[in-house]
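Chains here go by letter, A, B and C, matching the order in which they are written, and residues are numbered from 1 within each.
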Amino acid sequence: MNEPATKHRIPEFIVGAVLLLLAIVAYIGRRADWFPPIVLGTAASVVVIILIAASLAWILIRTIQGHQAERRIVYLYIGIAVTLPLFMSLTQKISISPEVQTLYNGLAALPPGSKVLATFDYDPPSAPELQPMAETFFRYAFHNDLKVIVIGLWPQGPQQANLALNKILAEDEFKQMNLRYGVDYVNLGFQSGNEFVIQRMGSSIRSMFPADIYGTPYDSLPLVRNVRNFSNIDYSFNLSAGYPGTKEWVLVAVDRYGLNLGAGNTAVQVTEMYPYVRSGQIIGILGGMNGAAEFEKITDQIDKGTRFMLSQSFAHMVVIAFIFIGNVAYFTIERKGKR
Amino acid sequence: MRREIPLLITGIVGIVFIVQYFIPHYPFGRMSDWFSDWFSIVASCAILLGALNLMKMSVLKVISRKGDWIYALITIACFALITVIGLAEGRDFRDTGTGFSWLYDYVYSPLSSTMFAILAFFVASASYRAFRARNFEATLLLLAAFFVMLGRVPVGDVLTGFLPESMQMSHLATWIMNIPNTAGQRAIMIGIALGLVSTSVRIILGIERSYLGGE
Amino acid sequence: MNHFALWVAALLTLGIVSFLYRDNPWYKVCEAIFVGISAGYWFVTYVWDNLVGKFWEGIFPPAGAERSPDWFMLLFGGFLGLLMLMRLFPKIGWVSRWPLAFIVGATAGLYLVTYFASNVMVQIEDTLRPLLGENYDASFADVVGNTVVFIGTFSGLVYFFFSKEHTGAFGKTARVGIFFLMVTFGASFGYTVMSRMSLLIGRLDFLFSDWLGLIQ
């Protein structure tokens, strides 16, 4: 990486020390209630937006003049575009896309007592996109008396599932439901083998998952005791961040064993799933944080997925602005060069 | 025999999995079940091999005191810490309150999440520097990206709220994803699948042997 | 969350972020910790969930569990797994070819049938939808959409056919295919930006909400 070519070298450790001091003050101050959390009202938010737009216009002018913005300036803008909306109190209207509506309809058609196989195929880096989907799904499932069987093709998956379950089960309304592990939900844990795990589950789930995540034998769990293979599963909800994931479930479980599958994917891989959605191999799909927000809206549970969409909007606008700036400068400079 | 036996194994196992798709009954169904179980065990040993190999390389680096050996020492120490804690805690190693769970929540998760999170900065910087509408194809790519990026966030509908609903950004983005994107992805998907089928046939018949490496 | 844990998580997060400014020892320490912890995490998880949970307890089931009738077949899997580990020793590392051949053969066999069924047959069937619908009841939007999908899929496949030179009508069709592929890549790029931004939002929310408590 290139060293910063600044004329006046500010001692970096002084800046770092000041920032650390501010962090300590903020940390202690909030816990001791010295000051309230920061909230930017509508007026303040509009002022911030105008300032960001004005500074982007200044970058456009500078770029046309031949001074391309240094990469750290771009990083700073992205950081600001993502951070400041977290403090804003602006709200946005989330519209439901057909794919999310289809997934919801598939879930809504399940009668109470249906067995749903929830497959967690992601790790912590994908949690901002998929964890809200997981939490929304669990709330919906428990509200509607769906019995949930959790497994994972990624080792971190069942642990992420437990994080979501622990959060949901700690909420008052679910505490009152007296949901029982092994009867209303169960976590069978992780097994290695990728698509071969799915292949084996097609003949016998018990053979691939002889015990749950805590070591309790499969036959000791009332919820899964009579679940032999996919023919005893009413619906599968897959959360996937890569390989193995939704595609492998389609290849092995859907087309071979006729499993009904709804999926939530990270935005990176959701574009590849649209052919499966169109052909009906996947019954609806949630794509990225936007999909999480739509899922929250359609199930009437507004949480982090919706809250983060404002930052998402700002980030997209800034990226589009930078692409626009780069192209305007490119064409302007090219035209000057041709004259 | 060092190459013949592996080729025989590849051929037999491959044929079993093909046949069981059409004849799931005994013996092919049973054989594919056994092979799936073996795959699971071998896959776990492959991961253990990777971890142990990493430690072997790190130890060699520390012993030779080459380059940034101090960081290799940190890697070894962290590996030892989480492995000892995880193995000592038994089957409940993931339960809330265990040392393993603490390391997962406050060390592994933040580090892995942040590693991927900083890609956001790089994608923005790269877009600014390199994404140019130099020709018609690049312009088409840029426009598609523009419509999808705006259409998949609420601000897109705010900006086009004065238009009829079917022409607002979110509807345009949905149309792009469901129609032209699906068409392109489908073409790629079919092409890859056909290539994969031919490669699989070559592997099973023993024509393709590169996975065995050199002698 | 306790204070020490929060600060550890925050400092590790900031260590990785510091790379954006420039490469530095703090980042390198965080990276080394990440590599070691990741390798150890995967090691422990696979030992408990697979080697103990499936292999060992498949052969010696715990109280309350029944042993499967063909439990002894797991021993062959264990043997193959052991051969895989021999790769650590250069002199006898060649025996790891057997489990490797097993993995390659199994994958090739399963992929051959599943990819052809799901990614070729079903996809082609869906591409060739009846133009006016099953009962001649397709809406105008559906007719246009189905036609565009057909043209896009066909021309995209023509583009990928490199055994014939892309000239004349064939070349023009391939060019249409390129246009559809550019739209696909543009959509992928748009979604990739969304995905990366989402990950960043998650981390910044942790820093400003969970750690510093500045967000309501």
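Simple rule for what comes next: contacts are C-beta pairs under 8 Å (C-beta built on N, C-alpha and C of every residue); 3 or more make two chains touch, one makes a residue touch a chain.
Source: prediction; values computed, not measured.
Contact count check for A-C and B-C (C-beta pairs in contact): higher for B-C.
Of all the chains, the one whose CA centre sits at the greatest distance from that of chain C is A. Inter-chain centre distance (chain A to chain C, centres taken as mean C-alpha positions): 16 Å.
Chain geometry summary: the mean Cα position of chain B and that of chain C are 3 Å apart. Shared interface positions of chain A, i.e. residues touching 2 or more other chains, are given as 75, 78-79, 82, 125-128, 191-192, 196, 199, 207-208, 215, 256, 271, 275, 278, 287-288, 290, 312, 315-316, 319. Residues of chain C in contact with two or more other chains: 10, 20, 41-42, 45-46, 50, 53-54, 58, 106, 110, 114-115, 119, 123, 149, 184, 187-188, 191-194, 197, 199-200, 202-203. Within chain B, residues 21, 35-37, 39-40, 43-44, 47, 91, 104, 108-109, 112-113, 115-117, 120-121, 123-124, 127, 142, 146, 149, 152-153, 177-178, 181-182, 185-186, 189 each touch two or more of the remaining chains.
Chain B makes touch with chain C in their complex at residues 2-3, 5-7, 9-18, 21, 30, 34-56, 68, 71-72, 74-83, 86-87, 91, 93, 100, 102-121, 123-124, 127, 137-138, 140-149, 152-153, 175-194, 196-197, 199-201, 203-204, 211-213.
Within the complex formed with chain B, the chain A residues making contact are 68-69, 71, 74-75, 77-79, 82, 92-95, 97-99, 123-128, 156, 158-159, 162, 166, 191-194, 196-197, 199-200, 203-204, 207-208, 213-215, 256, 271-272, 274-275, 277-278, 287-288, 290, 309, 312-313, 315-320, 322-323, 325-327, 330. Chain C contributes residues 10, 20-23, 41-42, 45-46, 49-50, 53-54, 57-58, 61-62, 64-66, 68, 106, 110, 114-115, 117-119, 122-123, 125-126, 149, 184, 187-188, 191-195, 197-205, 208-209, 211-216 to its touches with chain A in the complex.
Here chain C touches chain B in the complex through residues 5-6, 8-10, 12-13, 16-17, 19-20, 28-48, 50-55, 58, 70, 73-74, 76-78, 80-82, 84-85, 87-88, 94, 97-106, 108-116, 119-120, 123-124, 127, 145, 148-157, 159-160, 177-194, 196-197, 199-200, 202-203, 206, going by the rule given at the top. Those residues of chain A that touch chain C in the complex are listed here as 1, 3-4, 12, 23, 26-27, 30-31, 36-39, 72, 75, 78-79, 82-83, 86-87, 125-129, 155, 189-192, 195-196, 199, 207-208, 210-211, 215, 217-220, 250-252, 254-256, 266-268, 270-271, 275, 278-281, 287-290, 304, 308, 311-312, 315-316, 319.
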